[in-house]
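Read from first to last, the chains carry the letters A, B, C, D, E and F; within each, the first residue is number 1.
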Amino acid sequence: GTAPKITGPVVANMPWQDRPEDSNDVMWRFDQNPIMGPREIPCALGVYNSGLLPYEGGFIGVFRVDHMDTVPFLHLGYSKDAVNWDVEHEPIPFVREDGTPSIIQWAYDPRLVEIEGVYYISWCNSLDGHGPTIGLAATTDFKNFTQLENAFLPFNRNGVLFPKKFDGRFAMFSRPSDNGHTPFGDIFLSYSPDMKYWGEHRWVMGADFKHGWWQGVKIGAGSIPIETSEGWLSFYHGVTSTCNGNIYSVGASLHDLKDPTIVLKRSYTALLAPEMDYEVSGRVPNVVFPCAALADAETGRIAVYYGAADTHMGIAFTTIDDVMEYLNNEKPREHCS
Amino acid sequence: GTAPKITGPVVANMPWQDRPEDSNDVMWRFDQNPIMGPREIPCALGVYNSGLLPYEGGFIGVFRVDHMDTVPFLHLGYSKDAVNWDVEHEPIPFVREDGTPSIIQWAYDPRLVEIEGVYYISWCNSLDGHGPTIGLAATTDFKNFTQLENAFLPFNRNGVLFPKKFDGRFAMFSRPSDNGHTPFGDIFLSYSPDMKYWGEHRWVMGADFKHGWWQGVKIGAGSIPIETSEGWLSFYHGVTSTCNGNIYSVGASLHDLKDPTIVLKRSYTALLAPEMDYEVSGRVPNVVFPCAALADAETGRIAVYYGAADTHMGIAFTTIDDVMEYLNNEKPREHCS
Amino acid sequence: GTAPKITGPVVANMPWQDRPEDSNDVMWRFDQNPIMGPREIPCALGVYNSGLLPYEGGFIGVFRVDHMDTVPFLHLGYSKDAVNWDVEHEPIPFVREDGTPSIIQWAYDPRLVEIEGVYYISWCNSLDGHGPTIGLAATTDFKNFTQLENAFLPFNRNGVLFPKKFDGRFAMFSRPSDNGHTPFGDIFLSYSPDMKYWGEHRWVMGADFKHGWWQGVKIGAGSIPIETSEGWLSFYHGVTSTCNGNIYSVGASLHDLKDPTIVLKRSYTALLAPEMDYEVSGRVPNVVFPCAALADAETGRIAVYYGAADTHMGIAFTTIDDVMEYLNNEKPREHCS
Amino acid sequence: GTAPKITGPVVANMPWQDRPEDSNDVMWRFDQNPIMGPREIPCALGVYNSGLLPYEGGFIGVFRVDHMDTVPFLHLGYSKDAVNWDVEHEPIPFVREDGTPSIIQWAYDPRLVEIEGVYYISWCNSLDGHGPTIGLAATTDFKNFTQLENAFLPFNRNGVLFPKKFDGRFAMFSRPSDNGHTPFGDIFLSYSPDMKYWGEHRWVMGADFKHGWWQGVKIGAGSIPIETSEGWLSFYHGVTSTCNGNIYSVGASLHDLKDPTIVLKRSYTALLAPEMDYEVSGRVPNVVFPCAALADAETGRIAVYYGAADTHMGIAFTTIDDVMEYLNNEKPREHCS
Amino acid sequence: GTAPKITGPVVANMPWQDRPEDSNDVMWRFDQNPIMGPREIPCALGVYNSGLLPYEGGFIGVFRVDHMDTVPFLHLGYSKDAVNWDVEHEPIPFVREDGTPSIIQWAYDPRLVEIEGVYYISWCNSLDGHGPTIGLAATTDFKNFTQLENAFLPFNRNGVLFPKKFDGRFAMFSRPSDNGHTPFGDIFLSYSPDMKYWGEHRWVMGADFKHGWWQGVKIGAGSIPIETSEGWLSFYHGVTSTCNGNIYSVGASLHDLKDPTIVLKRSYTALLAPEMDYEVSGRVPNVVFPCAALADAETGRIAVYYGAADTHMGIAFTTIDDVMEYLNNEKPREHCS
Amino acid sequence: GTAPKITGPVVANMPWQDRPEDSNDVMWRFDQNPIMGPREIPCALGVYNSGLLPYEGGFIGVFRVDHMDTVPFLHLGYSKDAVNWDVEHEPIPFVREDGTPSIIQWAYDPRLVEIEGVYYISWCNSLDGHGPTIGLAATTDFKNFTQLENAFLPFNRNGVLFPKKFDGRFAMFSRPSDNGHTPFGDIFLSYSPDMKYWGEHRWVMGADFKHGWWQGVKIGAGSIPIETSEGWLSFYHGVTSTCNGNIYSVGASLHDLKDPTIVLKRSYTALLAPEMDYEVSGRVPNVVFPCAALADAETGRIAVYYGAADTHMGIAFTTIDDVMEYLNNEKPREHCS
């Protein structure tokens, strides 16, 4: 067969390091990790779980910033190299569609996507103080940000938009939740003709000990899906529970290009699991949580951005070839429940 | 002021009994209660929590029937007097929009409403085995039933459609839930232009000990809202928890005619609470749960149909005058948390 | 030895029935049970768990009345025979010590005691909406009721005062709790020189499966302790949990006359357990809950008043001889955990 | 094919009533139900969940008797007609294998079986106060009862012995549990060469919403399996949970004659579910719990004895033909999770 | 207005460091942190959460020492500079008021205060093995320690005495709890005329997500309140819960000088949150927990002593000017629930 | 008396370091700790909680290796010095007794023991996907590994075999558990004549706050018991729970040589508690978990191997003299609940 290809822009200036010689891992860490963390800006207890994109020759990002009251907000940030970032000290000033200021009670785990020339931010948003759901906003210039209707009823988290429409409709992964820390969670897909009304909800894939303990408790979509010749490539998080708390790891899934509810491949092992001090310790120990990825169509390089211990931000590298070889070759355990 | 009026059809043949002489209650029971229950049809452990409407001079209903495997399904039923019912022995055979048979895994707590000449059933439906959400179906003849898209992502229960559109959009109350028996729950409103995509989700009113202990744990919409000169009149259920389980009671709320998210009045006391043997004992003890109401515009009479102990069906009576006098005059406790 | 004696007033007109001939039970039910219940007054979902005393040739009581919003309040009631009661339709209008009206947010499970000519009511009271604790009030004429300081910090329930002082100090049993339905609970004793400041807190006796499963989960003091020649005789409740909820039963304990923290005797079996329909079914199924007792020094007769299923009120009879014979003769199981 | 046959003794004097004419049920109730209950003997709060067998021309049983301290013990009982029983007032005086008295801390849900001329009792027993497990005792004359070693480590309940050996080994169904009321539970099989050491543990069948909601939470073996021409016929209990507690129902399974871990048939619907007052209300509401069955090889009649609401004992009838026709013809729901 | 002043002694020799030049924080850490920790004395798994005061030209402290069995006890310690401490190897030998030795089962989180020339220790104490409550002891010479009556019934923690009396009465903050790790908790105030009987219990302030997520789950008083010209300044802890455990942070509140139940100011953000390795990792990760403060009236300097990760002890600095400017200027989030 | 002696082989080449001069601890750490950890072999997220023995002049071990899917398997390893290990990259290929390959779904926390010339591995094994129980396998050459029957019904963990038989029967400690992370747990003993059928189950010792908080929640056997002149010496783990998770520590118990259910001594304090970074942080923070020990009969030296934070492996040293002196001299706290 032919080699797998990333369908998308060339991002020649994205960060990159080759796999260390002594490693066989499918995904490997940036040696300057963590690239960001507490006190990145003075008021920040942590900067992590954030979305970013190439923009005007450099990069732009929407960052989760936990303020000193532990309340998270969305801040804009700029970078030339996607490693060193200037993060604004004030949260993004969203306005409503009628131009009045929008009240953001709290906002976390943003994703950033471009769809047909418009940039959309999706995040976990408070529905007027009555539970978490998926907040949405649009911008074309990263100066004016219009907050749209929340996509769903509570309780929902981890809303991730596709960068393309399907039959003229927007598509979004999300994870229905409960009103607490949610000891369960599967990935669903929903469609919208207009970013306002959503429907045709379908279950996509579930938490499942048989796919590996690391994803036995809950899973949630992570990075914006990457279009490839083989399908939509998604880096998602999986959670297991131990005698002393949860562990969040990173996996990959491949979805049919026309119908992303069809799961073509799904990783049985974690591609990245908490191992480094800044992943194992922090405000929420033992968390690696993917929220964004840069992918270069020319080289097939992929840089996954992930939150570490709800405190820091890290980068892990892989290539389309590495991921596809891994997904194509792995076999399920005979049993694993 | 002028007397409150029900805005709707004359339903002269609806069941009715005047308030007993020795009672001051806002709502009083039918003396033939329970009107339906276990073994109403041979396979039924219970018949309860059902929707009904006047239809072709008599009445038609969609009934929750718990089969011998405890799995609930929707059965059609007919009555001349809305007291004595013929319930079909087989569940309603829904078809999908493409004409193929629809697989109903389980279905419970249906509501039945007419909107612009089409009859819609909403119920708690399994999203392909991945959690409860609001199922929807349409019929014009009660012979052909088309199952539509589920309205929301899981987890949701108690979806109740309004009988009118708002600015051309359908409107539905629902109660976001979790994946279990849900120890919380508020009423939200969502809109849809087409019964397929839903959005503009708003919180309407919440469980609240300060509005009376009986509705301190969770609440959910019950009967189809009744249009009146004063607003939309809704009979809803409220739940409190005791040292030995929950108690479900019936309350009333009044909503703005144009914007039903505006709560004009809300009952501080329960209008109906479990008192009779068939309400206090049964498969789920201490439950009165409203799902339907008949209202006669001429006389102002209202008959609320309610499930009792998840086993039987009962009727309770009131009038628009009684309810409005009660809602207009009651005062909150100074404190009640 | 000499026969045990009740140390107290002659209450010749208290209700009484001899033990049925076919019964060997230590305690037996009044055949007119339940003597009170829902709709005893129009607004009442239940009347139960109440305190009462002989008064001016008849009897007076402070009743727990659950209003239609399920919120409980304290109502005064009068009776000539302690069986048929006139209960006032409005709650007792407490005033603060400075004469201003006292706001009662909710109030339940009152006990009524006379100490040195003053009548005191203790109940489970809301500390300004911040949790349950022991409310206290005093009256000399049952017309003016002065609410005193709450005795303890939250969370506390089942405060029961002794009818005598110990070294000039008031003494009260209570059961420290949590902020929910409390799956644990022991009886403690506290002292106060002035009904305002409380201290010298001592553990008295605990929930304990080894004393019988019926009291393995939690216990709480019930009736005002009865002074006898053998010690203070207390009727308390014990709770066990089953595959389907809790069961509340009645036991007896005997406490040293000078130091009531010393438990001289304690029942291994329940003297009364839910058996009758009005005890097994109701708003809180399977509850018998003692709150008051009448005792006649001349005959040794005792009538225990108990709430049934948080809905009704019942009476059960015994005598000082029966109780003491039972307490003196019973033996512990060898093991029972 | 030939008609199914019960492989066993003729029990001509077992209780029997034909199916009521208006019923299509696979199993129907005795019209004298409940046959036993509280105060069957003076100290009993309930008599239920018991084992019994034909014996010396009449019947003999081992009864769960809940004493007034709620602690359950095993009592012997005799009957001529298996309807009217004389239950002894004192628990069975077990002795250890060395002849010393055995201390029974508590004991419940006994089953009684004859294997090769010896009668064995299995029950839920306290392992010296350190958790429930399966107690065992043997007798040949119902006068001398030798307590054997407990079969398993805690936590276990519902141990049910087969009436025949398999390759010279005893076989027992049981349900591993936890140390509380256990919100899960499957049926396992274990073997023993000597009633002392047990092994070769196999999973047999599990709680499973897809086999009907009534058995979605936990299941447990009930009656001694009945040998038939079609396989071992077992009446077991299944449990579902509602918004207000659990419901226990009765189902049937058919197991391979040589290897009972092979489930040949399993009921999708409950054959008996709580419907009668004495099943719906009681110390543990909504429980029907099978523990014994009489079967007549000549007529194919079967009488299942079941506990009702952890308070009473009832009988339900069926025949081998009825059960097999039902098991052979029923179809699974397409989906039911 | 005039500058805020500390009302109290000059403590010229207290530890001090100016705010680092690159910091805008209201509170900043001592660069020799942690000043104490495991194996400070041989038997100690941790030394933390301790009280201290200026004494005889140096400093004296009562330290929480977790022994090798994890059981905490109170040890005395001495220091010249309040940084380097000599901690005694044996627990403080309390005696009862009658001179007999007092049995301390366990004791943790002591606070130390001087009131009218007597030193009082308050701590979380076992009420004879029946739950945690507030233990109290008095000394005038730090050689003889008299244990007083426990202040309250269980369950209570974080008892903090005021250094002055109010109308001749002692005053104490405390936090009613449950019998476990308590997922809730507000600060109350109680009074006592004699350190023996306590009453007039008032709610002061509560856990509240709207005051910042960091204090949304529970709060508790920390250091002895510091008298200032503006009111009583209290450093307290607030707790939030994450996907992987709790985070304890430090906040500040200002209370009316005459009536400390009146909260004049309360911090919306945490002044100190776990950021350093010794705060993020340890036996209880992510804890900073204030228990004591030194304040110098002349300079306005304040040194807050806090436990870190239930393992170490640290110091953080601020000034009365910094705290008051912060409390005076901060604004609430518009919404934050 | 005479000095205590280890009854067993001389293991002259076992790792050893004398107690550091500044330490009084009963047990002290190897200064090369951790000796093993993540990426010990490429696929390993952690290597820990493993069994080992002297073998053919060197050492052999069975290691818990957590693969990248977080699923644990058993790998063989070899060492000359018991410090530096070669661990095989593939799991041990068990075969069934009939020679067919055995499917291991997951396997963790192995112990390795020699009994009468055969090596046995016991571990926590999946009973065909229906819960954890004790898996067993035998080998004589560490090339062919025969998987035996699982010892018990689920749910069980921490099965530890004795190196000698008792009256011809194998003996095993185990800890009955539940189907989750089990917030309780005691040590039991069971016997087997043949490693196939198990019985005579006895409770040995329990989790108990009165023996020190560190072992108040659950305990479990750890290393293979060491035969000594004083009794069987067992290093076990104890667990306590904090405001932020559990802490696992190491204790010691001494059991009667003939009847190991008799506990002669039991440590009140932990001999080893999490203190080092690699114990306090990791995939499961705050865990030290003993699984193996080497003991030299000549010198009395003991090296305990323990898992650290479910990530690393460490060694701690002691001697039979040190342990026995400690066990003989320690006194219980007067009270410690």
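In this section, a contact is a pair of C-beta atoms (placed from the backbone, for glycine too) under 8 Å apart; a residue touches a chain by one contact, two chains touch by 3 or more.
Predicted, not measured: the structure shown is a model, and the values here were computed from it.
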Shortest hop count from chain B to chain E along touching chains?
2
In contact with chain A and with chain E at once: which chains are those? Just list them.
F
Measuring between Cα centroids, which chain is at the maximum distance from chain E?
D
Would you kindly state whether over half or under half of the residue numbers at the chain A/chain F interface are used by both copies, giving same or different?
different
Nearest whole angstrom, what separates the Cα centre of chain B from the Cα centre of chain F?
59
Distance in whole angstrom between the CA centres of chain C and chain D is 41
Shared interface positions of chain E, touching two or more other chains
128, 245, 281, 285-286
Give every touching pair of chains, nothing left out.
A-B, A-E, A-F, B-C, B-D, C-D, C-E, D-F, E-F
Using the touch definition from the top, list the residues of chain A that touch chain B in their complex.
127-128, 130-131, 133, 149-156, 174, 176, 178-179, 184, 186, 188, 190-194, 196-203, 206
In their complex, what parts of chain E are in touch with chain F?
38-39, 42, 45, 67-71, 103, 105-106, 126, 128-129, 181, 245-246, 248, 281-287, 310
In the complex of these two chains, what residues of chain C are touching chain D?
23-25, 211-214, 240-245, 247, 249, 268-270, 273-275, 277, 280-281, 285-286, 333-337
